[in-house]
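Letters are used for the chains, namely A, B, C, D, E and F, taken in the order the chains are written, and counting of residues starts over at 1 for each.
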Amino acid sequence: MARLDDLVRWMNEELNLSEVPDYSGAMNGLQLANSGEVNKVATAVDASLPVFEKAVAAGADLLIVHHGMFWQGAQMLTGANYKKIKLAMDNDMAVYSAHIPLDVHPLFGNNACLAREIGMSDAQPYFPWKGIQLGLKQNMEISRDELRARLEKAVGGPVHVCPAGPEKVGMVGLITGGAGSEVQAMADAGIQTYITGEGQHWTYPLAEELGVNLFYAGHYATETFGVNALSEVLSGKFKLAKEAIIHPTGL
Amino acid sequence: MARLDDLVRWMNEELNLSEVPDYSGAMNGLQLANSGEVNKVATAVDASLPVFEKAVAAGADLLIVHHGMFWQGAQMLTGANYKKIKLAMDNDMAVYSAHIPLDVHPLFGNNACLAREIGMSDAQPYFPWKGIQLGLKQNMEISRDELRARLEKAVGGPVHVCPAGPEKVGMVGLITGGAGSEVQAMADAGIQTYITGEGQHWTYPLAEELGVNLFYAGHYATETFGVNALSEVLSGKFKLAKEAIIHPTGL
Amino acid sequence: MARLDDLVRWMNEELNLSEVPDYSGAMNGLQLANSGEVNKVATAVDASLPVFEKAVAAGADLLIVHHGMFWQGAQMLTGANYKKIKLAMDNDMAVYSAHIPLDVHPLFGNNACLAREIGMSDAQPYFPWKGIQLGLKQNMEISRDELRARLEKAVGGPVHVCPAGPEKVGMVGLITGGAGSEVQAMADAGIQTYITGEGQHWTYPLAEELGVNLFYAGHYATETFGVNALSEVLSGKFKLAKEAIIHPTGL
Amino acid sequence: MARLDDLVRWMNEELNLSEVPDYSGAMNGLQLANSGEVNKVATAVDASLPVFEKAVAAGADLLIVHHGMFWQGAQMLTGANYKKIKLAMDNDMAVYSAHIPLDVHPLFGNNACLAREIGMSDAQPYFPWKGIQLGLKQNMEISRDELRARLEKAVGGPVHVCPAGPEKVGMVGLITGGAGSEVQAMADAGIQTYITGEGQHWTYPLAEELGVNLFYAGHYATETFGVNALSEVLSGKFKLAKEAIIHPTGL
Amino acid sequence: MARLDDLVRWMNEELNLSEVPDYSGAMNGLQLANSGEVNKVATAVDASLPVFEKAVAAGADLLIVHHGMFWQGAQMLTGANYKKIKLAMDNDMAVYSAHIPLDVHPLFGNNACLAREIGMSDAQPYFPWKGIQLGLKQNMEISRDELRARLEKAVGGPVHVCPAGPEKVGMVGLITGGAGSEVQAMADAGIQTYITGEGQHWTYPLAEELGVNLFYAGHYATETFGVNALSEVLSGKFKLAKEAIIHPTGL
Amino acid sequence: MARLDDLVRWMNEELNLSEVPDYSGAMNGLQLANSGEVNKVATAVDASLPVFEKAVAAGADLLIVHHGMFWQGAQMLTGANYKKIKLAMDNDMAVYSAHIPLDVHPLFGNNACLAREIGMSDAQPYFPWKGIQLGLKQNMEISRDELRARLEKAVGGPVHVCPAGPEKVGMVGLITGGAGSEVQAMADAGIQTYITGEGQHWTYPLAEELGVNLFYAGHYATETFGVNALSEVLSGKFKLAKEAIIHPTGL
């Protein structure tokens, strides 16, 4: 058993919430309080109603998510929104969210975790945004097929590829989540092979013209790592039970 | 006992929520659901924690307010915000909010109610804003002192006056709430005596230069009428108990 | 053989370019001129370099596309951009683009064509945007599985589904291309089952909470119909050869 | 007798006009010239017509104000505006205005002066805005009632209080004028008791929820200090007569 | 002798100030009052200090200008600005300004007056802007040289020409003042020969590429007509002396 | 003969394109590629069709311009735009553009070149904009007539003057091109005599009121220097033929 306040303070500091920039809708930190104590931590990518139901069923009193509840701004507490908050409050479950701080953290970050999985053993931060570096990059001497095989193993499913770059992947850039729209910026930054979660249709023909290999490895699939890595350390340090909620979107 | 859905549908239609414009932060309509039934309606100007506590103590399962919970945009459900929602959910109290629709309604509107109280027996809508008329006006053959006396009786307290206009009030304009900043527009529209709830310091010297009588009758004090008039009709029609929550700010 | 001017004039009028709204990057109409004559028309979804190469190889002197060359604003005529324009000019191939006018046209539109393919025999325009209706809707008495089967046959490949709505599809809305982000608006408009081309990851959990069936049938795959239907009529009327360029992105 | 140029140069430097930020409407500095000489200085909070009349009646040839003539942007020189400028020009009276530079000055500032009056003997600058600190703060070991008594004595009238914070005032923040809307920022900055001039109605329930004591001491009443303190030094240094114009708004 | 109020009311109505749109800096109407009576009207294009000096020297008590005093927003009343207002006030001279209302008036308008001078006997309004038509157009069967000769006679000086359009001027468009930047819009509207006052350097090569004759007849030179035509009628109706102030800029 | 890549790389570095700010429409650098080799360089101020025709006629395979092709954003490749690109591609002529980098370069810059021509032997950078200095200034002990004579000799034609400043020019500021609108900023910066290319009509009366000498030396005429100075060095270093294209606008 631990105090929610202590967990929040530790995570805020560990993830450096006060300094890492983000979109205003992310609203990183404690999004929903509870009565003050935590015994079990659940983790998930999205803060949707089915996820809340699974977390409550698992007996969690703290849910840690990557995508919080407020991306659409203030919303009426009715319908699914009402059910979600009511369910959490009735079961005394708090909700904590961390977005970009949990993408770029050197240890827990989605980028760092996925990089380790695919053998980027010497990845360097790159792609500046508001004073931080959003991605990781490394020169890799492997083939496009080998990289695809590693990625599919890491995310546990098929990876869509636009094979417009070199057969040997060369300078590889990695930004988890929905950063396909940055493909022009990648080419400008010298990236030859770009790994991200998802990208809109137009990013594919653009990658073709830019001559960049573009790997779409799944928005959900590339972002399960961070919350779990954080939970691993948190539960160990504070002696909490933990459970990863599986709720993929296929996107 | 009534169905919350029925009350909400009736109020939405009566107040014409789908057509009356408002500021985006107003978020008119059902802001917080409950389990579906309503026996007692509470009314208040503001949706603050002390108001929720008084409404719950009064046994209300529907709270109708003029200023809803979302003016500051999406907010973490922590601190007072957490307590407020938890208190309402635990006591199965829904919250409904109506702002400008409850200022300008010809029967329930704060404008219409206050106009009746001070003897504007033939008030006409004026001051266009996004396709509606925000205020009421009427030529009145009474003195400034008489108008002040009527206003102080209506709002139950002192009214601050900038006596820069004519001794006989002449063309009187009325907009409840915080519309003092419209004093220039009032002068441009031919208003000689302007009644509103509150105005910033700079509106006083501006009224002096414009030669307009400016009555500051209190933001809270001029906006208790609408929710109570609505509740009067609603509780009668649906056979509900009702209670007005008194929680003035002195502003 | 036909005059390019005549073809352009006929398409501009037929597609009502001067009145149908669009995003500024669409730049509908003749995007690249040629020396004035056309014998063969090629059609494609995207105006990318590989598409230009295929169109030139096919001997086309007019390429009609759905996504034109200027979505990214003014671009240097270097790299792929240079090659593309040079290739077209050297082979005297003009380029004509039509985006939303080719989505919403009652006969040639991507919406209308796909609706026919999946048995929406009485589809009605809906979803207003800048004075037009962006989609088609119809109540359908079929199951979700049946609709999926029809869609997969129509687009010639797998369709991703978020099955959060009713088993019987009910009120079906259809907007081809990348309109997944409109899922909230769909729910607000009473759509129970929403068919579009692509949507970002966050649209899936949102559809779950809204209780809407969401079919992601592919951005490319849902937008091959319009250019080909237009070309069918155009080539018949002006006695031109024609060829559909196949260049899918898998997105 | 002194040269207007010399007075303006001295005040501009003393108040550091070229570096202290402000709202664009403040237009700090010499707002209206005269023929070049000054014998008597008048001071006031607002640059309104009644104030000009009192200053001219007092024989001033320089009027120093806190709120200048241009907050509403360019205005026709007709009506009160015409009378004001004509009156000043006919009586050869110049007008000098300083807003935020006269709030934050360590010696002449409204903040510093009021802080001295209420016994903040060790006040520290706080609340950053565009590179400066807008307020003063200090931990105080007195009761809310004692603070109110000191404030009422300092401003010479009643002070409105929202007593939502601790009985012992603790960390006190002070920003003169109309800064009530910063109450959320005050709570975030650790202020337990916040003194300002005025705030809108909504600041009161917000202070209640934040648990902050909020003192509304009057916009006019908290801003008479600065112009008079400046005039005291200026008139001494340049051997000028001086007079404080009293023209309160009650706000 | 006439009342200033009467002159202003007559001009406001005649020029339809309440309905004709304009840029916010224009501030059409009475910009500076006087003591109430007018005997002599001066007219000028610009409201600059040398113009005020000439108008005062001419004994005017009302100056009518096309470009008023507030285009740069609120300005300190110091330097030239102080001298200008002081000079006018000391000599009891009012200032009235009308910009677009005095460009587009069918009788007094700069457009209409210049059109008459160059033989556009059947000019039609065209070029919509905020609900009005900004220019006049007419098909003319004369040569470019003939048009230039007429223009140079009308404005009393040389006219700069970009002779990129047809030798016979064809469809001629006319917008007085600084509207050269609309040359693309002119071509889009079918204008073959465009007459305006001034245009920036880039408008010349653009006109060359568009194949439009572009006549730069001078901003000042094309805008002396309106104020004088207005003054002609005004002085006749109200029995006032009048004088046109000549103060060209050569631009 | 030289490689286009080498020329572009050398110019980009020499002109510091990656660091010098500009308007987004300038799009400095290689705007149109060719097949890779360059023998002859043409230079011009504007990238218009007549200029392209003259450059092709001169046998150039690289055209260097000051005002590039993209100021109006993305444009259809039809009409003059089509002809221009077709002409260049058919004749294998590349186009390189540099705007502000070619105004402010200490050696090749339009400012530096014109300063040398008129005897500003000790000109200092001034007038900060986005981290660079846009102009050159120097105190000069010569008369206004002498400066005008030097300028007219340098630009090879008449210079329009607003002689509102001192007879001895004093502090002279120089910004080539269309910077007349900065005359207020010049006065604020202590410039007594301001030389630029062009300014709108309103800059003249403003200069009069500010008491600044304003020389309008021609936008085209003040900007022929930079491209030619660059070409001089480039052609020498890479052993290329060169030719200056003369195509003035008179503006």
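Assume a residue touches a chain if its C-beta (ideal position, glycine included) is under 8 Å from a C-beta of that chain, and two chains touch if they have at least 3 such contacts.
Every value quoted in this text rests on a predicted model; they were computed, and no experiment measured them.
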Original post:
Steps needed, at minimum, to get from chain A to chain F via touching chains?
Top reply: 2
Original post:
Shared touching chains for chain A and chain B?
Top reply: none
Original post:
What chain is the most remote from chain C, judged by the mean position of CA atoms in each chain?
Top reply: D
Subject >> Copies chain D and chain E touch via same or different residues, half shared test >> reply: same
**OP:** Starting from the mean Cα coordinates of chain A and chain C, work out the distance between those two points in Å.
**Re:** 32
Subject >> Centre distance in Å when chain B and chain C are each reduced to the mean of their C-alpha atoms >> reply: 50
Original post:
Taking each chain's centre as the mean position of its Cα atoms, how many Å separate chain C from chain F?
Top reply: 45
Original post:
What positions in chain D touch 2 or more of the other chains?
Top reply: 79
**OP:** Answer with line, ring, star, complete or other to describe the graph linking chains that touch.
**Re:** ring
Subject >> Ordered ring members, chain A first, chain C second >> reply: A, C, F, E, D, B
Original post:
Can you list the chain C residues touching chain F in their complex?
Top reply: 25, 27, 29-33, 70, 73-79, 82, 85-86, 89-90
Original post:
Given the complex with chain E, which residues does chain F contribute to the contact?
Top reply: 46, 48-51, 67, 71-72, 79-81, 84, 160, 162, 177-178, 184, 197-206, 208-211, 216, 219-220, 249-251
